[in-house]
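After this come two complexes, each holding chain A, first together with chain B and then together with chain C.
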Partner chain A sequence: MSSERVQTMLWWCGVALVCAFAAESAWHLEWAAVAPSWLFLLTALGRSWLLAVVAIGVGIVVAFPLAVLRVYGPAGVRHAAVTLIEAVRATPELMVIFWVYFTLPYLIGTQVSAWNAALGSLSVIAAAYLAEVIRAGLYSVPVGQIEAARSSGLNAYQVFRFIVLPQALRNMLPALIAQLVALFKTTSLVYAIGVMDFFRAVNVTKNAVFAPYALYLILGAGYFVSCFAITRVVRWFDPRYQLLE
Partner chain B sequence: MIEFRHVHKHFGALHVLNDIDLRIEAGEVVVICGPSGSGKSTLLRCINRLEQIDSGDIVVDGISVATTREITRLRAEVGMVFQRFNLYPHLSVLDNLTLAPLKVRGVARAKAASTAMELLTRVGIPEKAAAWPAQLSGGQQQRVAIARALAMQPKIMLFDEPTSALDPEMIQEVLEVMIMLAKDGMTMVVVTHEMGFARRVADRVVFMDDGRIVEQGAPEVFFTQAKDARTQAFLGKILSHV
Partner chain C sequence: MSLDWSILWQFRDALLSGLLTTLWISAVGIIGSTLIGVSVGCLATVPSPLLRRITGAYVELLRNLPMIVKLFFLYFIAGLPAVASALLALSLHQSAYIADVTKAGIRSIARGQIDAALSLGHSWTQVFRYVLLPQVLRVVMPPMTTQYVAVVKNSAVVALISVQDLTFETQQINVETFRGFEAATATTVLYILIAMAVIGTMTWLQPLRFDRR
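Let's look at the complex of A and B:
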């Protein structure tokens, strides 16, 4: 047997051993203590999803004009867009959440519920970060493409709609996936203002029953599965994948 | 067909077009040559207002380019071919050709497609209609780019160094398409270093240096009896190793 094959076999034996050990350890975790809380935890995960989906939805709707204004807008509008985007991006997400929950009521004179503050702040964060992803996508389209389209007689809107946008969307996809995953993880910060998202729900359960290892495993798995699903869903929209397959 | 009147243009401190006067008649094939940075590409790009001029005027097909409010209408009549092809990578070859006729001219889809197929046949690659630009060689891409410009049935064709980005063995196939066009009577303005093409096809060769038109004339006169020292020096450099 060649030394290379021996090495490969040893490697897989090692992997199998680690997996077996992990599975065995997981089997002995405090599942019985956690079991009664499954619906509570699942609901909380759903709540995290709802936060992420709303924030991403509102975020994209706001980010798109914001990015377009930042790239194509007249000077004044452009500067306003830059200020807005950079103000959010240059401050910690947790601070934005606190501002919306604690400072906004002071400014507008009415209470804001924790849930609404969470939705609002996450949407603002999503809009700012996604605007930059979209802007990068718009800039990624070579000038030659725009010149070719203009020289053929297409007007500014048509150049944007038929040449810039389709290429920009395709080019921004990897960055978009990364940003959406980051946003999903950011939803965990709203636990600081008392929203019962997945992160908080796991912690609450942990304080009620003694099952830290099982719960941390659930916590990790919940976020991992969610973020992985986002990656897959967005990729499914990639025209390049359909093209090559 | 195209007339430059005392055209000036600056890029910052650089005076790229310095008092350009030039008349190009319908059906004429004009080759513009000169050292890099002499302003020849800029001159070409001013014709369809990809670049704005500072002063003077350019009249194309009776329309003042600098002041017209309907620049897209003018651009529809002026086809352009670029050094880097600039095919739309997200569209098939056929869709590259039909996009502008569909959106600008409002041609019916079936008509646009049949015109596109005729043009692809004319440039010798009808079998590539369904291909993606990335699947074509450089020479094929440039021929598609020419067909795309022709799909708008323009009155004028502009070529901005159309063979400079090509491997040597692909230059000929592109030049042949251009020669065919010239023979069909197309008005053409060609920025190129292909002096063989200029000699065979051009009605006139224009030499630029430092933002000015230094010298111009019919190719047989231009290549053998250049008067200006700069023209002689330039021709000496590019013709010496042919």
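Let's look at the complex of A and C:
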């Protein structure tokens, strides 16, 4: 038997052992205490998903013009777009959330609800990061193709619409969905401003009933399964992504 | 509303100590995540299905959990001290990404180069030192810069378990004086400056490729 086969068998034996041990330990956890909260936790997980999906939706709508301006805009506009994108990207996500929640009311004069602040700040974060993804996609189309298209008589709009855009979209897809994973993880930070997302819901339950291990197992599983599912979607969209890793 | 920037001067000690905490926690996080991440990334390139699967599982597990989950687990469930959980969570979280960067960097070197160097009679250490290292560093430096900036940014989360870093001090100023706007502006500028310093340092280190003269 080859060493490859032996190692693969060893791996699966190890996986089986770990799973058996984990299942045995999980069996003795405080499930009875957690059980009544299942709907509360599930709703909260749904709320995290909602935050991520809305933020990514708003993010794409804002990021696309931002990226196009950064790539094709006149010098002044381009610099403004770069400054905006890089300032958000260099600021910790938690600080962006605090900015929108605590300091925006000073500027606009009215209170912002925690939920709206969460949606707003996550959208800002998504827009800045996605703008970079889209820019990379636009740059991934070789200049030679654009020049060839121009010299064969297409105008600037046609070049963008029929030559650059289709290829850019295809090239940016893996990074786009990877950003969705990152954003899903970032939603956990809205805990800090009191939004009842999955992370806060688990911690609230933990303070109400004594079941820390069971709850953190649920917490980990919730995030892991969500993010892993998004990662799998990437692979499904683009099998070549596996080579890029 | 009127802005009162003197609040920053009034709280200069708090801001400075917060800045120092953020700096050293980020520095230790960068070193820790590099040590763990590069080791895991190197192991991932060893042609062994067992190692490949173990490192793959490590990366997937850590990459699919938010940093705050690791932080709270270490602090509230495992019961580590606040600073220790902060450092460990930062290092573990970013090590997964650094492992991927390292793996991709090593994979980007054509296998033929290593075989050629070995068949020319070079030892493994020579191959590593003169063939692999200079080329891998060149590929890996830019993505590593991104990862190190990410460590600085993720360090803000440790404020939530009351490690008194920049973000924590900002919240304190907001709670005590309701001058959140001024404090947040100052802190954001400081974070951007730290990020720029990290990028500057990495760009400055870029020519350092251990090329053989």
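Structure notes:
Everything that follows uses one rule, which is that the second predicted complex is superposed on the first by the 218 of 245 C-alpha atoms of A that agree within 3 Å, B and C clash if a C-alpha of one lies under 4 Å from a C-alpha of the other, contacts with A are read in each partner's own complex, and residues count from 1 in each chain.
In the analysis below, a residue touches a chain if its C-beta (ideal position, glycine included) is under 8 Å from a C-beta of that chain, and two chains touch if they have at least 3 such contacts.
Note that this is a predicted model, so its numbers are computed, not measured.
Once the two complexes are overlaid on the shared chain, A:Phe210 sits clear of chain B and of chain C alike.
Of the two partner chains placed around the shared chain by superposition, chain B is the only one that A:Leu154 touches, whereas chain C remains out of contact. Within the superposed three-chain model, A:Pro166 lies in touch with chain B and out of touch with chain C [touch as defined at top]. By the touch criterion defined above, A:Glu4 reaches chain C but does not reach chain B.
Of the two partner chains, chain B is the only one touched by A:Gln145; chain C is not. Of the two partner chains, neither chain B nor chain C is touched by A:Phe21. Looking at the superposition, the partner that touches the larger set of chain A residues, chain B or chain C, turns out to be C. Listing the residues of chain A that touch chain B in their complex gives 142, 144-145, 147-155, 158, 162-163, 166-167, 170, 239, 243.
Across the interface of their complex, chain A is touched by residues 48, 50, 72-73, 75-76, 78-80, 82, 84, 86-90, 99-100, 103-104, 132, 145, 148-149, 152, 158 of chain B. By the touch rule above, chain C contacts chain A in their complex via residues 1, 48-50, 53-54, 60-61, 63-69, 72-73, 76-77, 100, 103-104, 149, 152-157, 159-160, 167, 170-171, 174, 180-181, 184-185, 187-188, 191-192, 195-196. Taken in their complex, chain A has these residues touching chain C: 4, 7-8, 10-11, 87, 90-95, 98-99, 102-103, 106-107, 109, 181, 185-186, 188-189, 191-192, 199, 203, 206, 212-213, 216, 219-220, 223-224, 227-228, 231, 244-245.
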